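Following are the structures in question.
Each of the next two complexes has chain A plus one more chain, namely chain B in the first and chain C in the second.
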Partner chain A sequence: MARANRPVSRRQAWWLLAGALAAFLPLTQQIPLWLALASSAAFAWRAALTWRQWHLPPKWLLVLLVIAGTVGVFLQYRSIIGRTPGIALLVVFLALKLLELRAARDAIVTALLCYFLVLGQFLFTQTIPTALLSSLTVLITTATMLAASDDRPPPLMQLRRAGLMLAQAMPFMLLLFVLFPRVQGPLWGLPQDRYTAVSGISDTMSPGSIAQLSQSDAIAFRVQFKGQVPPQSQLYWRGPVMPSFDGRTWSVRQTLGAYTEIPYAVSGASVDYELTLEPNGKFWVFSLEMPGNLPPDSVLTADYQPIARQLVRNRLRYTQRAWPETHAGLIESRAVLRDALVLPAGGNPRVRALADEWQRRHGDDSAAILATAQEFFNRQLLIYTLNPPLLGPDMIDEFLFDTRRGFCEHFAAAFVYVLRAAGVPARVVAGYQGGEVNPVDGYLVVRQYDAHAWTEVWIAGRGWVRIDPTAISAPSRINSNLAAAVPAGEALPFLVRTDLSWVRELRYRLDAVTNGWNQWVLGYNPQKQRDFLAGLGLGEPDWRSMTAALAVLCGLVLLGLTGWVLRKRMRVDPAVAAWRKFTRRLGAQGIVWHSWEGPLAFAERAAAKAPAHAQAIHEIAALYVRLRYAPGASPQDLLSLRQRIAEFRP
Partner chain B sequence: MRLPELDAVLADINRIILGKEQPIRLALACLLARGHLLIEDLPGVGKTTLAHVLARVLGLDFQRIQFTSDMLPADILGVSIFDRGSGAFHFHPGPIFTQVVLADEINRATPKAQSALLEAMEERQVTAEGKTRPLPEPFFVIATQNPAHQIGTFPLPESQLDRFLLKIELGYPDPVAERELLAGADRQKMVASLAARITPQRLVELQATVREIHASPALIDYVQALAAHTRTAPRWQAGLSPRACLALLAVARAWAVLDSRNHVMPEDVQAVLPGIIAHRLRPVDEIAHGDPEAVAAALIEAVPLP
Partner chain C sequence: MLATLRHRLRENFVRWAVRVRTPEPSPIVLTQRRVYVLPTLAGLSYGTALIVILLGAMNYNLSLGHALVFLLAGLGIVAILHTFRNMALMEISPGRCDPVFAGGTAQFALVMENRRPDPRTSLSIFVDADNPVEIDIGAQASTVALLPVPTRQRGWLQVPRITIETTWPLGLVRAWSYVVPDLACLVYPTPAAKAPPLPWSSDTARGISRDGRGADDFSGMRDHQAADSPRHIAWKSVARQHDGPLLTKLFSGATAQQVWLDWDALPEAMDVELRLSILARWMLDADAAGHAWGLRIPGTHLAPDNGTGQLTAGLRALALFTHGSR
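Moving on to the complex of A and B:
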C-alpha cells in the first residue's frame, strides 16, 4: 500500500480544497451560521497551510475539534441523526479532514466525503438548478480524484478528463435511472423531517386571507387534461369546505373522513385529467368539481371534500374523472344541513332584517330566496378589488351596505351569511378557480393567485348547487383571470401582468422544463416506469426481467464504449491492416512478428526461417515499406500488397 | 540510391580497424548528419586511429588536441600575438581550425576549456579579439572521454553532452579481429598509405543529400511514440527532448543513406538509437548497468511500431 501512503502534494491539497468548497458552498444555507463560519475558518486554515507550507495541526487538536463540532451539532438539533444534523456533521468532518491531509488515503477519503455531500444537497432541494450545481460539484470532485492519483496535468486538463469520464458514465446513469427497479415513493423523500411551511390555502378563511395568496405566483398544481381543456368558468378546483362560522372566520369541519367511496350519483359529461400536486403541508388533494373518484390514499369528508390520509409533503400525482354537471348531496344528512344553517348569535342587524324579510316573502322556497339573493348582490354594485377596506365587527353589514368593496372571501362569506339568515343551508368552499394553459407543453398550471372562494347552497331536490357570488359582480374573474377582474392600477403579482409578453413567454418555457423535470425525473415512480417500458414495447416487465435487461444493456454500453475507444486509438492504415494479416499468417507457422520489429528486419528473419517463401516475403515487405515509409506510393501498391498477401500461403 | 563511394570509404576504414563495423558506420553516419561524435572508452582501443582514418579517406585535414587539466581556451581557439614586423597583433589560429578535430580526453580539461570547444562546435565559428572567424566546412569533432569514474576527470554536464549528436563505445575487439590486428601490418603505415576516396565538396553534397531523405508520417509517428514512452513510462528519469528527437531523425537519415535507401525505416531508427540515448536517457533502475545497447533494446521492445 505504498501508493496510499504517498504524501499529499501542494497541488493535490489545492484540488481538495476546491472540491470541498464546491461541495460545501451550496449547503451553507442549510447548516447553522456558526458551523458555516467555523467550516470557512477551517478552509482558510487549510489554504494557509498549503500556501505557507506549515505543519499540519497536531492530532489531539483535531480530536478536540471533532468532539466540539459533534457536540455543537447535537446542541443545535438535540440529535445527530436525521437529515440536517447528519449533513451538518458531515460538513464538520469534511472541514477537519482537510486539516489532516497526510497521505493519498486521506485525499481519497476527502473526495468521497465531497461526493456524499453532493448527495446531501438533494435531500433539501431537487430542482434543475440544484442538479446543475451538483453536476458542477461532481465534476470538480472527480477532477480532484484524478489529481489525487496524478497531480501533474494542469487544472483545465484535469477538468477535461473528469468531464470525459463523467460523459462516459452518462449512458450507465441513464440506463440505471430508467431500468433500475423502483420502489414506491418519491426519489428523494425523507418523510421524518421533510416539512417546511408552504404558502397555500389554509383550513380557515377570514377577510384578507385569500387576497394575500393572490400575491404569490407559486405553483399549486399542474393538470394535464385528456382531451379538451374545459372552459375557464368550469374550472372550480374543490379544496377545503368550510361550514363553520364564528362571526369573522370560516373553518372546516374538525372530523376527518366520512366516505371512502363517492357517495353521490354522477351524471352528465365527464372530464378526465391527471393532476400533479405540489406539496401543500395540509391534507388537501384538490379535485375538479365534482370528483367521480378519489385520489389514492384519500377519503371524502362529510362535506364532499377529498382529503389525503396524510399531510401532503411530497409531490403527488393522481388521475381523476370529474363530473362538472353533478350536484352532490341530493339526500343530505340532517347534521350537515343543520351545520349549514348555524350563525353566531347577534350582529349584522341590517343583513338579518333583509333576510327576515325574504323569508317572510318566500317562506321555505329555497330556490326563490336564492334567486332573490343573487338579484340583491347584482343590484348592490359590489366592487371586486385586491385592496378592500378594513371591516368592523359587523363585517357583513359593512361590506354589503357601506364599503361594497371586497375580494372573493368577502363575497362568499356575505352570500352564505345572507342565505343562512334566510334559512337556506349554505357553506363556503375554498379552492382554486381557473388556471393557465402553458402553450409549450399543454399543461394547465394553477398558481396560488388562482386561489378562490365560492359557495354551495342546498336546494331540496337538487342537492348542493354551486353559486359563485364573485361571478355576479366580477364575471371576468371567472371567465378570464385575476388581472382582467381587478380595477386598473392595483398591484398584481409580476407574472399575472399582461403587458410583459416576453416575460410570460419565457415563463411558459421555463415552467414547461420544470414540469418535464418533475414529471419524468423526480416523479419517475414504478407506475411511470411501467408505462415508459410498456411504451417501448417491453410489455409489463417485473423487477427480475428489468434487472436482467439492466445487466445486459450495461454490458452492451460497456462494449460499445470500449469499441469506440479502441477504434479511436487504432485508426488503422489499410497497409498496416494488410501487414498484420500477413504477420498473422506467418505467426501461424511459428514465425512470430514482434510489434516493435521493423518490416525489413522481420522479412530477413522470416525468409531465413522459411527459405521456400523467401522471395514472396521479401516482395511483400518491400511493398509494405514503399506504402508506409517510402515517398510517392500509389494506390496501386496497396492493391498489389493486398493481392500478394491474399495469395501468400506459407 | 547507390552511393558506391561511401561503401568504399567504409571498406577502407574496416580494413584498418578490425571487427568494429557498427561503431564505424555510426561514426560515418554522425559525420554525414553534420553532427559531432563522442567516444567513451578506455585508452588504446583505436579511437585516435578511427579519427585519423576517417580524415584520410574523406580527404579532410586532421588535428589532434590533447586535453589536460591546465589547458586554456586559447590553446584550442588560437591566440593573437604582437608582430613586431607589421606592428600589429596577428591571430594565430588554434588547432580547432581544421576539418576533423580529435579532442582527446575531453573530460580531463576544466569546464572552461571544455566549453570553449563545445561553443565552437555548436556555432561552427570562433570569436576572438572581437572578430568572428568561421571554421572550415565540413567540420567534425570526435571527442573522446575516459569513463567518468577515473581519477582526475571533470564530467561534462548533460547540457554539454547534448551537443554531441552521438555517443559510441568501441570496446575490445573480438579474438579473431584482435589476432588479425596483431599478425597484420603496422597500422600507422597503413593509415599513411590511404588515399582519399571523396573530396570535401562531395562530402558537403552528401550531407545535403542526407537532409533530404524522406521520413514518412508513419516513421515520424514512431519517433514520437518512442519519445512519448520515455516521457510517460516510469522507468526513465527524464524523457527525450525534442532536440534528441531531431538528432535521432538526423542520424537515422544518414543511416538510411549508408544503407542505400531514399527513405528512413524503423530499423534505421532502432540501429542508431543506442548512440542517441547513451548520453541522454537514464533509466531509473540502470538496466544492465547502463549499457546503452541493453537500454535501447528495452526501449525498442516497449514501443510497438505505429
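Moving on to the complex of A and C:
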C-alpha cells in the first residue's frame, strides 16, 4: 500500500504522458478540433510541469477545467452519452488526470483510461492498420504500468518487458478469442450516433445518381461461391426495386405487404454462395437474382426485393441459393401490376407517340411490344457514358432522340417509360452487376462502381422478365466491366483501370488479406464461432462445451507458464560438479564434507584422516581452489581436475 | 464492526499461514505453498475495467474490442505469474542482530538469497506495514535486509512474524508470505537516566584522586575520552603520528580503582527493573571512565575488569537476569 502512495517520479510522469499520447493521437480525427487543441495544450502543460518540475495546478482549477470540458462536450453534441461524446469526455478526463498525478496509484487510473480509449478507437475503425496501431498503444500503456511499479529500468527495458508479458498473454488471448462464448450484440439500445453515413445505392434513382457511385471503389459486398462462379452476364445483384416515377426520380414502394417466405416457384439451375455484406446504412440485403431463400432477419417486399428488418449497420454474412433462370410473379397482384403502369401525366410527347403507335400495331401482345422496344433501343445507337449531358424536363425524349448519351439509369428509366407508355407493366431494378474475382482467395468482390440499374417487364405467362437495356447498347458493360464499356479517356476509379497490372496484383493480395481479416477476426460472431468449432470436431458446440474447452486449454497454458515460472535454471559449474563427486567419494569413507567448510580446510581435515592419500587430496583441493577462485584458470585445469578425481580411489 | 471482523479473519488466516513450527529452521524457502496471491486495489479496478470493456465490445459487436479485453485478461494472468515468480523459491536465512538497549531499535538482519538466474525486484519486507524495507536481489545473489523493530523489554527479543510482499511488475496483484526466522536480539535494560553515583566502597574511595586509574605501572593505551585526565594523554605518541587520535596512557597497580557494582548496594525495596537499569547506567559510566568494575547480582558474579568484553558480559547478565535465579 505504501508503494501506491508514493509521489509520481519524473520518469513515471514521462511514461504516463507517453501512454496518454499513444492513446490520444489516433483519436484526434474523431474528436472536435477545440478538444484536440485543448488536450494537446494540457499534454504540453504536463510536459512542462515535468521538465521544469513546477508545482501541480491547484485542485479548484482542475475542477473548473473538468466542468468546462464536460460543458464543452455537451454543447458540441447536445449529449454526454453515446459514442463520440463518450470518447470526447474520456479524452477530457485523461488530459486532466495527467495534471493531477499525485501518487503512483493515479498511474493505474491513467492506464485504464488509455485502454478505454483504445476500445473507443475500435468504434470507428477496426482495420488491420488500426489493430497494429492500437497494439503499439497497449504496449506503451503496459510499459507505463511497469514504470509505475518500478521506474528504474531504462525505457527500452520497460518496453521489452511489456512486450514479453504481452507475448505471454497472447496464447490466452487466442484461446479466449476462439472459445469464449460469443453473444450477439447489442446488449442494450445503441446510441443513435453509432453509425456514420456510408455511400451506396439509395432508395431513389434520378439521372446521375448511379453514375456518381461509379467513382467509388468502396466494397459493397464479397461473395464466395460454392462451385463455379456464374458467368459475368448472370451476376445481377438485386437491390431496391423502384416502381414509382414522378417524371424525374424513380423510387421504391413505400410499403405494401411483405412476404416472409419466397412466394414464387423456383426453377432451373441453382447457385449457392455466401455473401458478406458491408454496412450500407439502408435496409438492403443484396441477393443474386432470383433468391431462393431469404437472408436471416429479413423479408421480401411485394416487388420481390429482400430487405432487412433493421438498417444494415454492421457487416452481415449470409448464405443463399439463387435460381438465375427463375421468373417470379407468374401470378401477380393487380395492385403491383397497376403500379407498374403509372406514368406522370404529360411530358415526353415523342416517346408517348411512339408507344401509342406500337400499341396500335401489337394490341396487348406484351411480348411483341417488348421486342419492338428492344429493337428500337438497338436502332437508336445510344452511347453508354459516364458523362451524359444534362437533360431538361422531357428527359426521356431528350435522351432517346437528341442527346443519345447516358449511363445505366438513363437506359433503365427510358426503357421502363417507353413500355409503360405502351401499356406493358415494367419497373426499374437497382443493384450491382458483375463483380471481380480476386484470384488470391477466390472471393468475388463487388464494389460501388459495379452499381447498375436494369428493368423488369411483366409478360403474361412468363412473369417478370429481366431486360437490361444497357446491355443492348453496351454489351461489354455486362460481359466485362465498366472500364471496357465507357469510351476511352473517361475518368474512372483507379482500381477499375486495366493498365498497371502490378498495382492490380498488389491490390488483389491486400484485398484478400483484408477479406481474411473481415471474415475471421471481425466476422467472428456467434454463428461463425459455432461453424468453426463444429469444423474442429467439437460436435454441437454450446457455451458449456466451449467453457470446458476454454478452461482446459487455458489451464494447460497456465501450467506451461508456471513451469517456466518455477524453473530453477541452475547451471552447475563443472568444477563444482567434479568437487562434489570428490567429496562423495570421501564421504563414503566416513570423511564427510560440510557445505560451510572451505575446500582447503576440508582437505586439511581429510588428509589428516586419510594420510595415505594426503598428497592427492591436497592437490585436488588446490586445483579446485584455483579453478573456482583464481583469475585466469584454464580449461586445461578443469580437465586435470576431472582426471585427478577420476583416478582418486580412497 | 466490519473492521473487527476483518481483523479477526486476518488473524485466523495468518495463524493458518504460519502453521509451521516457529521459529523455523533455516534456510526458509518460500515454496509455492506458502506464497499467497491476491489482487490489489489497482488489480480490482483493472478487473472491473475489463468487464466494462467486454460489455462495450459485446454491445457494439467489436471483434477487436473482444481481442483487446482478452489480451488484457491474459496480461492479468501473466501478471499474477510474474508477481508470484518474483517471490517464489526465495531463500531467507537469519543474519545477525546487535544487542540494543530497551527502547532502542533492534536491527534484524535477514539474508535474502536468490538462486535464480534472474533478479528479483521491488520486494518489501516488514514487521509493521508502515515501515517497509525495500530491496532488490540480483540474479544468483543475496542481499541483507535490515529490519528495524522497536524494543521495549530487556531479554531476548525473538524476531516477530515478518511479511515479505511484492506487487511487481504491474502492481495489479500482491504476492506475500510470512516467515518467522530463528533470529533473536539481546535487549539490554535501559540505562537509568538518573542514577546514584558509582558505589565506591568506603576504603577505596577515600583519599584517592578521582581520575579513575591507578598511577603505578604503565599498562597500555586506549582512545582518549573526554573524562580522562589531560595528564595521561600520550603526547609522545600524538607527536609521532600527526593527525592520529589522542591516546590515553593506562596504568595499573594496587591503587587502580576498582568498583563493585552490587545488587545489594541498592535498596531492597527498589523495583527489580529499576535496579537493573541503575546497574546498567553504572556499568556504562564506569566503562566510560575506564574504571575496572565487578558485578555482583544474584546468580552472576563478574570479577573486576574493564573493556568491551567486560561491558558486554555485564550488560548481557543484566539483560538475562531472572529474579527466580537467586
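Criterion: the second predicted complex is superposed on the first by the 552 of 650 C-alpha atoms of A that agree within 3 Å, B and C clash if a C-alpha of one lies under 4 Å from a C-alpha of the other, contacts with A are read in each partner's own complex, and residues count from 1 in each chain.
We take it that contacts are C-beta pairs under 8 Å (C-beta built on N, C-alpha and C of every residue); 3 or more make two chains touch, one makes a residue touch a chain.
For clarity, every value in this text was computed on a predicted model and none was experimentally measured.
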Looking at chain A, does chain C or chain B touch more of its residues? C
Just chain B (first), just chain C (second), both, or neither: which does A:H594 touch? first
Quick one: classify A:S134 as touching chain B (first), chain C (second), both or neither. second
Contacts for A:L166 in the overlay, against chain B (first) and chain C (second): which applies, first, second, both or neither? second
Would you check which partner chain A:T142 touches, where first means chain B only, second means chain C only, and both and neither mean what they say? second
Which partner does A:L553 contact after superposing on A: first (chain B), second (chain C), both, neither? neither
Could you look at A:Y629 and tell me whether it touches chain B, chain C, both or neither (first, second, both, neither)? first
Looking at the overlay, what does A:V229 touch: chain B (first), chain C (second), both, or neither? neither
In their complex, what parts of chain B are in touch with chain A? 214, 216, 218-219, 262-267, 270, 300-305
For a test of understanding, state which residues of chain C touch chain A in their complex under the given definition. 32, 40-42, 45-46, 49, 52-53, 55-68, 70-75, 77-79, 81-82, 84-85, 88-89, 115-117, 121-122, 124, 129-130, 132, 167-172
Chain A residues touching chain B in their complex are 573, 594-601, 625, 628-631
Show me the residue ranges of chain A that touch chain C in the complex, using the header's touch definition. 1-4, 104-105, 107-109, 112, 115-116, 118-119, 122-123, 126, 130-131, 134, 138, 142, 145-146, 148-150, 161, 165-166, 168-173, 176-177, 180, 182-188, 190, 194, 314, 521-525, 554, 558, 561-562, 565-566, 568-571
